[in-house]
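Presented below is the structure to which this report refers.
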Amino acid sequence: MNLLRAWLGGIPAYLWSGWGAVASLFLLFAAWEGASAVYGALILPDPATVFATLAGLIESGAAWPELAVTARRALTGLALAIAAGSVLGMLAGVSLTASMMARPLVTVLLGTPPIAWLVLAMLWFGASDGTPVFTVFVACFPVIFVGALQGTRTLDSHLKDMAAVFRLPARMKLFDLYLPHVVSYLFPAWITALGTAWKVVVMAELLSSADGVGAALAVSRSHLDTAATLAWISAVVGSLLAVEYLLLEPIKRELERWRQNER
Amino acid sequence: MLKRPSAHAGPGASVVFPAAAHPLWLCGFRPFFLFTALSGALLVLLWGAFLGHGAPLPAVVGGPFVWHAHELIFGFGLAAVAGFALTAVPEFTGSAAVAPRPVRRLAALWLLGRAAFWLSGWLGTPALALSAAAHLALLGGLIALLAPPLWADPERRQLAFLWGLLALAGVVAGFYTDALRGESPARWLHAALGVLMVLIVVAMSRISMRIVNSAIEERGDSVEYRARPPKRTLAIVCIALYTAVEFFAPGARIGGWLALAAAAALCHLQSDWHVGRALWRRWPLMLFGVYVLMAAGYGVIGLALLTGGEGFSAGRHLLTVGALGLNVYAVLNIAGRAHAGHPLDERRWLPAGAALIAAAALLRAASALPGAPAAALMGAAALCWTLPFAAYAWVMWPLLTRPRADGRAGCAGPAEEPSA
Amino acid sequence: MNAEHTHAPRLEVRGLSHAYALKTVLDAVDLTLEAGRVLALVGPSGCGKTTLLHLCAGLLTRQSGTLANGFRRPAVMFQQPRLLPWKTTRDNIAIGLKAAGVQRGERLARADAIGQTVGLDALALGQFPHALSGGMQSRAALARALVLAPDLLLMDEPFAALDIGLKGQLHRLLLEHQAERGLAVLMITHDLMEAIRLADTVLVMAAEPGRIVHRFTLPTPARRRDDAAVYRTTAELLQVPAVRASFGLEAAAAGISDGSVLPLHATPHAGDAPAAPRKKGHSC
């Protein structure tokens, strides 16, 4: 209850701190505007045109269904990767042998380009949802796995001794000792994975699907419609920013309140 | 309450002659803050008379608008900057106060600059050149006096003031170069406004740390206000970028985005100020209002540029009347009293004056809206602006032109009460 | 840890040896700790003190010898505070109670009460450990051990990192609590004076391999020792050849003959005879 109140109380301050991000976004738009002025609207339409196109897409009702399809695929793949990566990573972290064994495998997974996985996925799953979901899963899994592994491995053995002498039961060890520590590694990994998921899903859709933002991008590319292309990109990036800064970042701050004491 | 005439005068330095030892020259802020308040009231009165009743103004290069902006920025604004810098820099760097003689010379240069510029319409180029020389000499003198202590400070923390003064000297030089060539020098005035906004952000962080924390202490709150450099730097960068783009490409949309970035960065800066109830005390609130008005000004400018609509002038005047005016008023009241050896003025007229200045900014901004009764609103705005500065001159004249009552020397702050 | 059948519990160690891989760190250690007594193990770093304590705490598995711990509620205070950084001080103190299944309200109330007695105010109790000074963290660690109302407290150089003022305060706190509750304490320290200030019995250990080379019992209760007595006893103890050798000090200064120095009650049975270094010196 106290936690909830503290969290709610922190929301205005958190939202207000978003002005810094807004300022840097505006600087980006200024650079965009400048580049558009240099290269011409055909190559790079200016931000206002793009946002107007996006508004048009939203008003016409074209945007939401595509975004929903894309989000569904990205989040499904991400959820699977989070579930599998976190659990397996923690299990691997507990055992020295398992973590020794896992490291090269993770390198293999990380080193394989997502586009290669995409080709395989297209062979395996065809044009179904399975293709983007699988590609997202494979791209996100190693990041989360490594986070969980590192988190579990880096837990101070002194604290484990402490837990032993105070006879913490297994449940408490998990929730009071391992998880709080591991989460501080896992959460940044999740956020990184979210960004990866968003990028990879659009790529997968572009090449393999008939719907979703990626497919819409393919259409606008074939029409040489730069403004629509940028509008779709803005929509994807904007929704990623919203999910990250409105949902994940506040949770992360709350979870890591014990780290810094800056008000 | 023991009065000892000239007990605080330095050894050997102008002990006897009343003119030379006049308390007005005791510290740099004394003449310059009076100049600021008097010119602030008078200039806007004249401007209001011109707008409302067509009263004549001194004819200058670029016409009445250039006269208006030049006087309020290089007259009113520069006087405030000079007074503040001459007082604050020695205090911040722990160096000796500026002696009366250079203060007198700088004050004479400021008056000369006014006279020469006002007469430049009748007397032509020589007067304009004289005005240029007077303004540059004033800024050059300030730099010559203040650069050594700023540079000698071991950490060089206050160098931003030096860059600010140099930038002001640069825009003054640019203004007069264009003016002497017969071109419209208005863009330099806009750049000067950008420099002043940056200087305000720089100066405010130092003033506000003290003011806000003492308000917090009074309330007994446990939070502490810290002006954090990264946020300030972001705001300064955004303002500087906007100012540069406005200078080279006035009216461009890219400037609109940059102005919005500046507005957002200033809002970001305000989060340092969210210290709870203490913010609602008069002094912190006044300083906070400066940031609010500045953010609003850049926000309106940005929207106007991006939508191609009206309102640019409204944004500009939120910056000049609002941010600059309120900040100058606050500094005049805080530094002007503290360094004359008086406690802060806790009477009612003072926050009322601040409210009038904020009202003046809003009225002036509203007058730029399409369909607004512009003349009436501008007249009201001029009145709202004139009153507080006239009141300041009235209240502070005796304090600034008489010896200190607390027996302390020069620019020293009020005697600290010995706290256990 | 099988319970003893006698009324007063005791910790009894006989012929305890321990080795890490091929290195013997403890060699045939004997000690007995009765309820309500304070036993200090003193020795240079690396002499196996911590291993011995970890064996007693059950953090290491016994390899040879016997270790009978009759105490029912042992608690440990480590060298570092070892507080969970993501829990408030109050929750940290209460962690042992939580593990024992005490209800939330009650355990927090008890944590608060014990926190007050070790000098942690409400503000400190509500803060996260990183916001506390080292001294405050040590107090919290002490409170975390004491809140369990232990009958045996195992301490591993708990005050080593503190300045003498804080050390003195925590010593007093500990002694008060110990006297009130009849707590048995086994403490490890490399600080001879700390041992003499707090303990009823002092065991001096030497390294390579870790073994007990000297033991003696202090005649007056710890609470009645003043500074002068502590300094004097420390100086006297430092004249014992076995102690000097253990810490790698030069042989005792001339003028004080070995035999006449000690009016200390050296316990008769233990083998303090092989006091002289077995090898050339103890490098620990």
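Per-chain numbering from 1; labels A, B and C assigned in written order.
In this text, a contact is a pair of C-beta atoms (placed from the backbone, for glycine too) under 8 Å apart; a residue touches a chain by one contact, two chains touch by 3 or more.
On a predicted model such as this, the values are computed, not experimentally measured, just so you know.
**Q** Where the centre means the average of the CA atoms, what chain is farthest from chain B?
**A** Most distant chain from chain B: C.
**Q** Based on mean C-alpha positions, which chain is nearest the centroid of every protein C-alpha shown?
**A** A
**Q** For chain A and chain B, what's the span in angstrom between their mean Cα positions?
**A** It comes to 47 Å between the two C-alpha centres.
**Q** Just how far, in Å, is the C-alpha centre of chain C from the one of chain A?
**A** It comes to 51 Å between the two C-alpha centres.
**Q** Please report how many Å separate the Cα centroid of chain B from that of chain C, as a whole number.
**A** Comparing mean C-alpha positions, chain C is 67 Å from chain B.
**Q** I need the residues of chain A touching at least two other chains; which ones are they?
**A** none
**Q** Spell out the residues on chain C that touch chain A in their complex, using ranges where they run on.
**A** 54, 57-59, 74-76, 78, 80, 82, 84-87, 95-96, 98-100, 127-128, 130-131, 144, 148
**Q** Under the stated contact criterion, what part of chain B meets chain A in this complex?
**A** 223, 231, 234, 238, 241, 245, 252-254, 257-258, 260-262, 264-265, 267-268, 270-271, 274, 302, 306
**Q** Please name which positions on chain A make contact with chain C in the complex.
**A** Counting only chain A, the residues touching chain C are 156, 158-159, 161-162, 164-169, 172, 176-177, 180-181, 257-259, 261.
**Q** How about chain A: which of its residues touch chain B in the complex?
**A** Against chain B, chain A makes touches at 13, 16-17, 19-20, 22-24, 26-27, 29-30, 33-34, 37, 46-48, 263.
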